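First chain A sits with chain B, and in the next complex the same chain sits with chain C.
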Partner chain A sequence: MTLRDIIPIILIVALLAFLPVFVTANTVLNFLVFTLIIALTAQGWNILAGFGGQFSFGHAAFFGTGAYAAALLQVRLGINPWVAFVIGAAAGALVGWVIGYLSFRSGLRGSYFALVTLAFAEVLRILANAATFTGGAAGVLIKLDVRPENFQFESRAAFFWIALALVGAVLVLTRWIERSRFGAQLVAVRENEAAAKALGVDTLRVKLGAITLSGAVTAAAGCLYAQYFLYVDANIAYGTWISVEAILAPIVGGIGTVFGPLVGAVALHGLGEITKLAAGSIPGIDLMVFGSLLVVAVAFAPDGILGLLRRFRRPAQPTGASRHA
Partner chain B sequence: MLEVQNATKRFGGLIAVNQASLKAAAGSITGLIGPNGAGKTTLFTLISGFERPTEGRVLFEGQDISRDEPHIRAQRGIARTFQIVQPFAGLSVVENIAVGAHLRHARRSDAMARAQEVGRRVGLGPELDKSASSLTVAGRKRLELARALATEPKLLLLDEVLAGLNPSEIRDIIPVIRAIRDEGVTILMIEHVMQAVMNLCEQVYVLAQGKIIAEGPPAEVCDDPTVIEAYLGAGAAERLKREKVHA
Partner chain C sequence: MMYSPAIIAEAVVNGLMTGAVYALIALGLTLVYGVLHIINFAHGALLTAAMFAVWAVYVAFGLDPYLAILPLTPLFFGLGYAVQRFVIGPASHGSDSNILLVTLGLSIAIENALLAGFRSDTRTLNTDYGFQVVELGPLLLSKPRLIGFGAAVLVTVLLWLLLSRTDTGKAIRAVAKEKLGASLVGIDVAHVYAVTFGLGCACLAVAACLLMPTFYVNPRIGQAFVLVAFTIVVLGGMGSIPGALVGGLFIGVVESLCGLFLGDSLGQIGIFLIFILVLLVRPTGLFGAKA
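Now for the complex of A and B:
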């Protein structure tokens, strides 16, 4: 990876960093922070599914682990929230490794792998909903105590910048994956596992690496969520909704690309907000927009918005044999 | 270099490979021929680690590798091609080859440079930036060869890399294979194109119904009545001889 590889990332993150200067309304900042948290969640999914071809349907398992770890470590054990954040991401990595080890070791792939991840997330949701340590169905409330060393801020902009920095860091991480041996092997596993093995790729190790990274990133998003809303319960943290968000954003934005999850999250939630404003308070209108956008994306832009842009930029792409003739 | 000792592979009731033994000497080109369904590809999967032998052993450089995973065998220096080509369809040709090159080159730039070199060598130079899925049959066969070669193997297992190519394409690729051997790579090849076998192989093994039924220099093996009968059915050798006398 060279500096040139990350210049677009630096530029886009720098541009986005100015947003809070222009928009100061709390509702808009809320929306921006939420969208970034979704983008981060989806970036985690994209590493495993977009680059590695292992379609998880249960990324809530990681998101929820991060959210609960962040909340419980500070509420129950009095650990500093910043430290809890780091432990939360590490816990997500660990859960990722365990799920990966159990399923990849036994050769699960495709829809079987998707179902197993869904099952893990559901089991965790039920456990978190029942256990007393997690606060049961009532959830956990993080005490309001606005101090920076407490990971709580007077202004929402501060939180926006932290979320943006994390998204930016994962953009760089994803770019590194694209440019590294690990990434080449991961993509090879996605494209054809037998061929990858024949070329000396330790496919188990590569998949475990991907799910561990993926778990850490999505768990970091969960930590942020808990820290921002100061409340976690089982249906938020381990709910199917977040697994779906994690999948939708990359599919709409461009699966297996560096910017896909961010673009998709912004497009989906941006459009969702606009329709909510335009259509008033028809319940579920944003979900209908989600659904329609997904259908449109799958039918007309299988490579997402970024794929569509690429096609427009290079319309006269010569195909096949003529190119070098 | 490579020694297969009494390897047997059963798939349920079917015995695909039956007590087969063979050797490939370092720096040689050894052929493996036999009718369709004889068990040749299965024998390759035992050597490359995709299947484990039900009985028997595979020795590589004197060590028993029968239980090693495929990627471990690749690291040791065994590379295979697939009879049914297995390209990374979503990647470009050079990216396909680079996956192989990454086995010995950690840095992306090194692996890509190596991949271009290997790609040009097998005649894929003009195709390097195309999508692998846009290649013709001949191109895909070359890609199989290039990817395997990019792992810098000591032993190269070629499974019908000439099948589906026209005579001029075959003529182009034979010198490439010989040049690979001349660099010190040991080659074991499954091949139906007898012209290539005669041309390239020093030693040939014949597999029929899972058993090695003959071995020796190609010219000798092709005259062997057991071999002729394995291909053409019982009594064929006798018939051929009679026809020759009458002619």
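Now for the complex of A and C:
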């Protein structure tokens, strides 16, 4: 990876960093922070599914682990929230490794892998909903105590910058994966696992590396969620909604690309807000649009928005069709 | 905690009755998997849609849920046929992971369309037989659930006969075994896929009619059933019809007993643990052929 590889990332993050200067309305900042949290969650999914071809339908397992770890460590054990954040991300990595070890060692892939991840997330949801340590169905409330050393800020802009910094860091990480030997092996596993194995790629190790990184990134998003909203319960943290968000953004933005998840999250949630404005506050209307969009994206734009842009720039090269033919 | 044998026996019988309807839901899923080799993530949302349809014809025309089987089964067959033929098939370009995503997208769209249309209220039907019981020796059994059990087993047998005795069934089995070979001998594979998907949806319509006299419906209800159905399908072996029936009955009993011993909030955990264990240890299930 050279400096040239990360110049676009630096430019985009720097541009986005100026947003709070122009918009100060709390509702808009809320929207931006939430969108960045979704983008981060989706970036985690994209590492495993986009580059590694392992479609997880249960990324809530990581998001929830991060969110609960961040909340419980400070509420129950009095650990500093910044430290809890780091431990939360590490816990996500651990959960990723365990789920990966169990399922990849058993040779699960494709639909079977999707199902088993879904089941792991559901088990965690039911446990978190029933255990007393996690606050049961009532959830955990983090005490409001606005101090920077407490990971709580007077202005929402501070949170926006932290979320943006994390998204930027994962953009760099993803770019590194794309350029590294590990990334090449990961893509080889996606394209043809048997062939990769025959060429001497330790496929189990590569897949485990991907799911561990993926778990850590998505768990970091969960930590951030808990810290921003100061509340976690089982249906938020381990709910299917976040597994779906993690899938939607990269597919719509451009699966297996560095910027896909961010572009997808911004496009989807921007569209979601517009739909809500246009149709009034009918519950579910934005998700109805998202679901239809997922079908349309798979049907007509298999490489997402970024793929469409590339096709628009270089119409002679049908980039998407070849890989999916 | 100990319970008297009578209470445990009642839990087992109740579990069997619930399990039969689970089996019917799983039947649709396993049939689609066996032929198209895809996991239909929209199955739960389609079940929710069917349950709302039962509710709607009851409220609008006063049609009894059991009689609603007659119009709704062909309607959902047609719907399923169209969804596979005109949406899932063309949209997924024949790639498995695309089919996963397309059915997931459909499920989100259907579920939230129902949420937008009906709001999140829970709805029930008030039939005059909803709470009737039948005395069977020492056991008191709910009459509508007993009917549900009988009907679910009957539909399973009918579907089995359809697959093993008719030309359509033969074509479906041929496509399931060898897609290319089937198309070479003149079978319209896209048509067979759509028929199979339609049959899966028809199973859901029957299951919805059997469920509604004793159950409730809201836009999220399908999710609760679909994970159970996945478990049954994996346990019974993906694509195996007897496996779905046996797996359904088994899971019904497990859920009922777990609920008795662990309480309602933890009751479902037994199912998911079985699910994960079977996936990890024997993903071909108890009745499935080698994958």
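The rule is short, and it goes like this: the second predicted complex is superposed on the first by the 317 of 325 C-alpha atoms of A that agree within 3 Å, B and C clash if a C-alpha of one lies under 4 Å from a C-alpha of the other, contacts with A are read in each partner's own complex, and residues count from 1 in each chain.
As a working rule, contacts are C-beta pairs under 8 Å (C-beta built on N, C-alpha and C of every residue); 3 or more make two chains touch, one makes a residue touch a chain.
No experiment lies behind these values; they were computed from the predicted model shown.
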Of chain B and chain C, which one touches more of chain A's residues?
C
Of the two partner chains, chain B (first) and chain C (second), which one does A:114 touch, if any: first, second, both, or neither?
second
Which of the two partners, first being chain B and second being chain C, lies in contact with A:284: first, second, both, or neither?
second
A:302 in the overlay: touching chain B, chain C, both, or neither? Say first, second, both or neither.
second
Should A:28 be classified as contacting the first partner (chain B), the second (chain C), both, or neither?
neither
Between chain B (first) and chain C (second), which, if any, makes contact with A:158: first, second, both or neither?
neither
Of the partners chain B and chain C, which touch A:17 in the superposed model: first, second, both, neither?
neither
Could you tell me if A:293 is touching chain B, chain C, both of them or neither one (first, second, both, neither)?
second
For chain A, what residues appear in both contact lists, the one with chain B and the one with chain C?
324
Of chain C, residues touching chain A in the complex:
38-39, 41, 87, 90-93, 95-98, 100-102, 104-116, 119-120, 219, 223, 227, 230-231, 234, 265-266, 268-269, 272-273, 275-276, 279-281, 283
Contact residues on chain A for chain B in the complex?
179-181, 184-185, 187-188, 190-192, 194-203, 319-321, 323-324
Using the touch rule from the top, collect the residues of chain B that touch chain A in their complex.
48, 50, 69-71, 74-75, 79-80, 82, 86-91, 95, 98-100, 102-103, 105-108, 111, 126-127, 130, 134, 147-148, 150-151
Touching chain C in the complex, chain A uses residues 53, 55, 57, 102-103, 106-108, 110-112, 114-116, 118-120, 122-123, 126-127, 129-130, 137, 240, 244, 247, 251, 282-288, 290-296, 298-299, 302, 324-325
